[in-house]
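The structure is given below, and queries will be raised subsequently.
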């Protein structure tokens, strides 16, 4: 282990003004690990946190339905995208600000903090006011202007790993946010792009264990984007828990076949309930448990 | 799911004389799953099988020591390479046939079947006589002459996934062996080659869950080659168990720092014992258990 | 060929409001090919355009020196970064706006239009006023907010391919800019990220030929970032010309060993002169030539 | 440059019995470059060598037709596979030995040496007697038993780069053959496997320039397998010539739409003739020419 982030590609000369051992993101700086506070929920402690909901906010009825389903099954945070980065300019780009109000209302009604993606600095004031976690998507992991701006935000940030980001680059992207003064950062492994094309991406669970050992940040796993296949989300969620992840980010849609975005990879409510029933036993095997408010560990403040 | 193996790369025209649905490797051909018999041990049933030992057989003392360590910790099969595929012609190439006798003797003394790698057809008669499982290495996954020859062997074969083999190619490589008449085939995920260089390879656990759903063959995970980092082998072994793997293939060396091959990734005896103590709880969470001879399920014959 | 952009990964459902055949980026929309006007220079016609200069603007003296060297050798456009996307927040981040004035002054003095990278929408007004080509870096290829903003700009845009962007994603990123109303777009292949680590990236020259056949946009090749090795820039530049590229983007530094950024991959003035002497013969073999103002073809306006 | 082969992946400990500087494959061992003799043809000198013919030998008529077409267009060596490595055991596996006699007869009739793939050591005596170049396919690049056996052969070997072989591994595979005593080795770049799926593989022309600088072996490029797209073979062939390749290996089929193997990527006779007409100008630009018997350079014996 130790205090350095190794790098083997001849991509970039070190050229750093700090010694590597001084990186804020490394575990050596905070051996006990960072705990991130999301409303009443704590991420990074013994409690395992499940964030679930639709890929995209499509309307009030859909989100309320999804929120009631995931809340009933035991999810802790409600997810939903309102600004959607899409490969084609002609694909559905999200509901924008009105969608955010719909999501926030559903979260309030079901007592769940909400997470949504921020795509550019100009959206930060709105997102900071309305959401509980600001998510940075894989395509923006090295959007350094956005990262610097998020260093000034007073809300937690979930930083997804880029499609072809090395482990070193992932930690250094987080370093941009920490360096700006925001220490409430969660890493999120969502699959990397490899030669394999049968599945949407290749879920890199060794990256989760590596990041837990090297950094002090909580690590969340997104098996929905990683596999793109609902039949693999249950086994990959259990594997993520066993590998030491601190939580999951999962797409659930009341009617996947009608979804406007990524419906093919959303869990049905039934499959999500099965997942929530199966998780506790695996968590127990690694001395963890689903996060719950009464847990004494959660009384301790994160910072 | 269903009976076809999809393929999205324009690599190879279908050009098959059989309909895809007729592939022998697919689960549809054997919904209950294949159980492979290795001496007294059964792979592919509820019992989870651990194969452990040194990367390379270096001498009688080293192997006896390793065998006693892994047997005491509860491993079921003894591993050890005697023919070593090495990138450089000047690297240690293995002890060859004498090493095989050393390995077999250590297995006998500790009551463990043995597994070792076969590199070419000419070695098959010797290997078939002396070993209990013939391992095909990643570099030989598409050595079709070797695969065809192994289709005629009466011993189980463990087929490692190639460094850049797609899931489809992996199953079709197994199909070569099944098509030759040998149905005792185990698949082994050992990490794929990606852009990431911090770790030796990228362990693809979604491939394990996918292969369990698509094929009827047992799937073994090799976290030693996949990560190349002893600190990651425990979490990846637990994750493999949670993902539905049927067993593990692990490098253990009494004195890793003195190993002639891949010592940097071998577990010390202490770390291996810790792993064996931690596995049962995760296996229990997915309704599995470490294989044990008295299990009634093992009385059922595999074929 | 034809009018569609194929896609084989299960990444993204089509979900487009336009038929694929209606994509503006495809050659079918403009069979003769787009010619981009950069000051007096035309890109995309028979003239081959060389853009050269330092990776980063470090000061007036360095840029003036570099400009005089590349101008004397026959380069057409002066390059130099003032906003630098860096993996580490502690690496040199560029001179910012003062650097831009230094670069513009050097361009004026040597009669060369200038190209520099824009990293975020907020920089666009400044960049649009001071530079002749706005470059989008590989890390921002899917920064859709930035792409949409560049669709409103009245200056040419050079769009670098992302580190792991598929050919389809590359064209669709350009489509964002075209769809916004800016048709002066150049594509730039700068190497992709693969398993190979000996070189900085893998230069994908088949992508250049493919993009020339599928789209109507000019294609520029950046062999400096693609290889990271000065000894390979000459052969890769000649190969790019033979493959049908419309120009090159090359790092040249008067004193590479003193460069503050990527000095290891910059050409010395001598090596750049050799390249400029060797290019004409290869261009002649494919019925092209180094761009020159007196060429009658250049009198024709691009749009 | 220099005498070492660098390696950055933590794949394999050095563990070599020779100092890296002593590798036989490195240019430092033979600064002037190796010239390989194939019948009357010389590879690796100023003459550029074109090897062409069908992917698979399907019958006498097809091969004779293909041979007459490629001979008339100026090809130097006739290619054709008789043992075909196929992903599926149910795909056409080649004509075997009878196909070899058909190929040899066509070569004799048109005065062309022949090249064909060897898949296992047992085929070597037959191949050594009947063919002029023994080709090792990408899937067998690290079949070390085969490589060692080819070290004892008295005929030239063309060694294709593996689908995900690093440059270092490619040279070390050649080292196996050189170390066995056979110095008549040609390297062949045929595209590597990357995330990109629009084309069959990613042609790595920087690898060609790198291999020419680091090693003393001739380097051949196979644009047919690399791209899988007939429309890209002309530009990639010209680019290969400009990059410093010593020759091409190209699939030509009289009737691609009827081919039993890889017909989609074969050139028609017309397209092949166009390629042969276009090559000389590019070769001239890099001080090379199509190989011709009367060239004084060819009178010099290779060894």
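Just so it is clear, A, B, C and D label the chains in written order, and each chain counts residues from 1 on its own.
Note that in this section a contact is a pair of C-beta atoms (placed from the backbone, for glycine too) under 8 Å apart; a residue touches a chain by one contact, two chains touch by 3 or more.
Everything numeric in this text was worked out from a predicted model, so none of it was measured.
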item	value
Selected pair, out of A-B, A-D or B-D, that shares over half of its residue contact pairs with B-C	A-D
Of A-D and A-C, pair with higher C-beta contact tally	A-C
Between chain C and chain A, distance of the C-alpha-averaged centres to the nearest whole Å	34
Euclidean distance of C-alpha centroids - chain C vs chain D, Å	33
Chain centre separation in whole Å, for chain D relative to chain A (CA means)	48
Overlap residues in chain B, where contacts from two or more other chains coincide	8-10, 164, 168, 193-195, 197, 199
Residues of chain B that touch chain C when the two form their complex	8-10, 164, 193-195, 197
Residue ranges of chain B in contact with chain A within the complex	1, 6-9, 164, 166-168, 192, 194-199, 202-210, 213, 226-227, 229, 231-232, 235-236, 238-244, 278, 281-282, 284-286
In the complex, chain C residues that touch chain A	8-18, 85-92, 119-122, 139-140, 142-146, 148, 163-164, 168-169, 172, 175-176, 179, 193, 197, 199-200, 228, 260-264
